[in-house]
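Two complexes follow with subunit A in common, the first pairing it with subunit B and the second with subunit C.
So, the complex of A and B:
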């Protein structure tokens, strides 16, 4: 790998790119590799900075500015200016100007939609993880029919959520198959709790198979002799599950749960289409993402404050997961990459 | 433990074949019956709603709420209705839009992301895990936090109604997905390949072009499909950042209107949904093993 003189920079880059992993190499080559690594990741980092970094910073800047409109205190038209934290207090303390927001306005809905979002997240993730764990165990045991299982499990995942929402909207129609089969007359997309359950059911159908696949990847890393040893030691099926399977699958499980929780916290497509955003009383299924979209046309800066709050909330949840619940995303993924999959 | 892991790799087929036949025969009792029931339940759970969509898509409008579980009153009218523009729906155009947005996003994401993935998987440099962390963090980023600033920006520079207003935001999730999945594929390739090629007289550059890239092609292809699906399925950003002319299928189907106001054209919507979904499902089924590998390696988005 010694570099002869007169080699162009590009060739050198090519040489280093194809070089074997650094084991016993000199520091000079390592340095070259480091430089090449930086060159190669730069376009990705720049692009991410443009499509994610810039909007985030801009949203924070916007959130401290006043939306043009009538000032509720003075009745005068204001075209903008510094808002301080008023956009944030508008949502958190539900203040509209100097008074608290009247019921029915978006400002009064913030904590309700936080509650709705967390309710959806908690229920869907719990159901999906339990059901997904069962599915993964069945798939892991199945000798025949694995191909069929894998194929069918991929179908709900491949269907766009917007189409899924329309599909369940049809299933949950008043004259639809759900009411016919159950012999009920439930207003699935109109009633307060029924519309919430409609969304949970649709989400469970769409996402459980995906969770099952992630858990299955974790299960397949567990060597068979661990189970055989447990059997020899006299462990029954339940003990094998709680003492062998669960601890060993825990890293993969935690990562699956983390991904799922973060995904559920930004839920939009299903409630927006299946229950038209509101459902029931008009905001029974209004999640944070829906509230942001509804606010956009009522003032960018206020919407920016709301979306920043949403982002901070999701970030906080992710932080808690990684810091306190041991969802070691990077390590687990890397271990899995070296394992089966 | 490490050796077992390596042998048992590549999904089910290998590990199923490994198990001794005796054990399989012995288990052909209560356990296997339970296993088959489990398989049946999962297959029905996953396929029944999809099956219902396809059946309804081929059913005459007058029999929309017929509950016969097999196809009856079969017709192709719903597909004609779905594509007809007389009711103000532009499903055909939306299909083209989705294809344009999906293909552009995919090409851009893979072209940029493959270099970063190669660097993360095969090179040693400082800050590598930070980059990986940033990419993972980006992939979990809530799309709604991008929406407000982008909507305001694109409105003020008159980009709403252009494809770029839809492609650029899609990069925010397609690129992290690409980098992550590709990193997994590159990391899987044996190091000896590059060394052997160099020993055989290739320059390292040739080794990369003639050995690494062709071998990574299936991985690149799988990643491209995952990126395309994620972009094809996107709804939130597209619903606000598209105009009537650029709206993708997800938005078009969500806003489908029937001949009468307040009357949902269920069968036509199911027909449109079938058109959007069946090619996707067919593609996924053909490449299922690779897609599962890509999903579980980089699996970030559902």
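So, the complex of A and C:
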């Protein structure tokens, strides 16, 4: 189906090229058209600048201001003044004033939470992609009750994360279902690794359906005749998967992975509710976003520096994905519409 | 096409500059002001701000006030039931110098922060309150740098819940309690638990242990940490050792108030440290197995003569410095402090009063049987550190006490780190 539509789209493009558009507007009119276009998009640009540009810029400006300090004589807070890069060195070099941040300060937790965040991202995305691929392949087959299966797979994704987190909180309680069923006495929210795995399990349960659906959408545009041709050529099931399915589903897969990676890097609600960022020596499940929220109560400007760092980190990862791994969100959609994939 | 792109980039550049300007403008402002001396005699309608009124006690009280003050009506602004959200809501309105947040209800641990930010009207001079009838520890929670900034409104203290069917005489000291743990063992149940999950409750429990052993977390100025001392080490060691040898069951490291209560009600705990709210639940809950076999006592102390030092909960009422009608606000605060209002709080919402004499009122005791024990608890209570850097201080305590109890750190190292982290918080 998609092959035929692709052909027709190409035909149309050729026709457009062959026959010059019947335009009899002069160049001055085209100039006016350009201005009109500018006026038309200006409201959108203004809106984007206000809702996206302003917070980002404001956070950066704030991050170079010192948090209010206490005037020892009066016991009152006084405004901190220009901070230079001290808010950034506070996090990156873990400097608290003139000493290195002692355990029990948020500054000492920065690199730990960077590690935790990336660990969560890597493990959850890998597991979710493998399981999601498997689920998508199952859902892509024609069998009785397929619609029901597709709908029911979506249930975990449809439940709000806060509720998911609370459900798993009860499951992982010491007297909860997990310990009863497994006949264990694991402190799921207290142990360093148990608490991390509790988060990973809950996150995989919740978001695998999302990945599965994105992959399923990619699978459905693969024409059936490519498989027929592969069968005729004598390819076995594994070869069909690696030689036909994987290359053709790759653009959709990359977009799914990009979405999930960016989502996982800013994870907040699940660990915040499930473990409160605790476990291990006290911050085994503290992610960058949890750290930002904790810091907001201790000083806005330092928190602004931390959010800027988090923003840069996530931006960098997204950039690497788009630039080097070929996750072209917009192009993929356009090409899908044109039917060239 | 090129022209179009150029026009676009010019538009983007000017927009960017505009955004920068807005950002800069947002940063200016602030600085000193003399709002403390303004509107001090002004009267008129005011707003009272408080977290969710779960027991519908504040609305009838305000209605009662409004009936007798037709020209000084009080409007009730109800916040959410989440402490963090209440805190952030107050901060935002103070930063905006909102003249309509006149009287605000602040958690005892936020009072110092708000006072140091200069948001609260000092209760001195014309605003002075008579605190002679109040429990001294509650007054301390509203005092910062020697000045009273907030009027104690409700209090709360820790109690020792125990099983009177198994332990006829409640232990008076920590050591006595641990000796009774053999009884727990023979009944195949946990011995003692408080709140040791990593959250505010751990600060409460750690502070109680340290204060009971004669240590302190910060000096009386509220800023200088003093936790790296032998007395504090003794206090923290009590918890650490009890957890290590199983007197505090392993799972208690995940306990907040509710998990402890459920374990106690299920008959799995011999002793429990918890707040007074558990009393009515444990005696009336259908699922409670200890309805008739539980009793309460003051927290165990170091010696039999002094009970343990509870941490203090509760709320204070403060007047915003930006209020437009401070004379009315002061009258309303006095109304909240009055014996009648305190009585209503206690009977209708089980809020612990701040007036000492109410704890000896026979009709109140009949309604709230834990009051005499709670009085002992609050009389011996030590407020949590009164510091403007409370979020950082409680983080320092939680993180290091948690590591010590779990055995990831020695007590000495934990206290040294706690001391350093509290110092860093104030710099």
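The definition used in the following text is that the second predicted complex is superposed on the first by the 278 of 341 C-alpha atoms of A that agree within 3 Å, B and C clash if a C-alpha of one lies under 4 Å from a C-alpha of the other, contacts with A are read in each partner's own complex, and residues count from 1 in each chain.
Keep this in mind: a residue touches a chain if its C-beta (ideal position, glycine included) is under 8 Å from a C-beta of that chain, and two chains touch if they have at least 3 such contacts.
No experiment lies behind these values; they were computed from the predicted model shown.
Is A:45 in contact with subunit B, with subunit C, with both, or with neither (first, second, both, neither)?
Once the two structures are laid over each other on A, A:45 reaches both partners.
With both complexes superposed on chain A, which partner does A:173 reach: first (subunit B), second (subunit C), both or neither?
After superposition on chain A, A:173 lies in contact with both partners, subunit B and subunit C.
Applying the document's definition of touching, compare subunit B and subunit C: which contacts more of subunit A?
B
I'd like to know which partner A:58 touches here: subunit B for first, subunit C for second, both or neither.
After superposing on A, A:58 lies in contact with both subunit B and subunit C.
Given the touch rule stated above, what does A:316 touch, subunit B (first), subunit C (second), both, or neither?
Once the two structures are laid over each other on A, A:316 reaches no partner at all.
Could you tell me if A:36 is touching subunit B, subunit C, both of them or neither one (first, second, both, neither)?
Once the two structures are laid over each other on A, A:36 reaches subunit B alone.
Classify the contacts of A:294 with the two partner chains as first (subunit B alone), second (subunit C alone), both, or neither.
In the superposition, A:294 touches subunit C alone.
Between subunit B (first) and subunit C (second), which does A:106 come into contact with in this model arrangement: first, second, both, or neither?
It touches subunit C, and subunit B stays clear.
I'd like to check the shared interface: which positions of subunit A are touched by both subunit B and subunit C across the two complexes?
Shared contact residues on subunit A (touching subunit B in one complex, subunit C in the other): 34-35, 37-38, 41, 45, 50, 54, 58, 62, 173, 175.
Could you pull out which subunit A residues touch subunit B in their complex?
1, 11, 14-22, 30, 33-38, 40-41, 43-45, 47-48, 50-52, 54-56, 58-59, 62, 134-135, 138-139, 141-143, 145-163, 165-171, 173, 175-177, 180-181, 205-207, 209-210, 213-214, 216-217, 220-221, 223-225, 259-260, 262-263, 265-266, 268-269, 272-273, 288-289, 292-293, 296, 300, 303-304, 307-308, 310-311, 314, 318, 329-330, 333-334, 336-341
Give every residue of subunit C touching subunit A within the complex, in rising order.
3-4, 7-8, 11-12, 15-16, 18-20, 22-24, 26-27, 30-31, 84, 87-88, 116-118, 144-145, 197-199, 223, 250-251, 253-254, 259, 263, 388-389, 391-392, 395-400, 402-403, 406, 408-409, 417-418, 420-427
Give the list of subunit A residues in touch with subunit C in this complex.
Against subunit C, the touching part of subunit A is residues 31, 34-35, 37-38, 41-42, 45-46, 49-50, 53-54, 57-58, 61-62, 65, 68-70, 72, 74-77, 79, 96-97, 99, 101-108, 173-175, 185, 187-190, 276-283, 294, 297-298.
Taking the complex as given, what residues does subunit B use to touch subunit A?
Interface residues on the subunit B side: 1, 4-5, 8-13, 15-16, 19, 24, 35-36, 38-39, 42-43, 45-47, 49-50, 52-53, 56, 64-65, 67, 112-113, 115-116, 118-120, 122-126, 128-129, 131-138, 140-153, 168-169, 171-172, 175-176, 179-180, 183-184, 187-188, 191, 194-195, 197-198, 203-205, 207-208, 212, 229, 232-233, 235-236, 239-240, 249-251, 253-254, 256, 264, 266, 269-270, 273, 276-277, 280-281, 284-285, 288-289, 291-293, 295-302.
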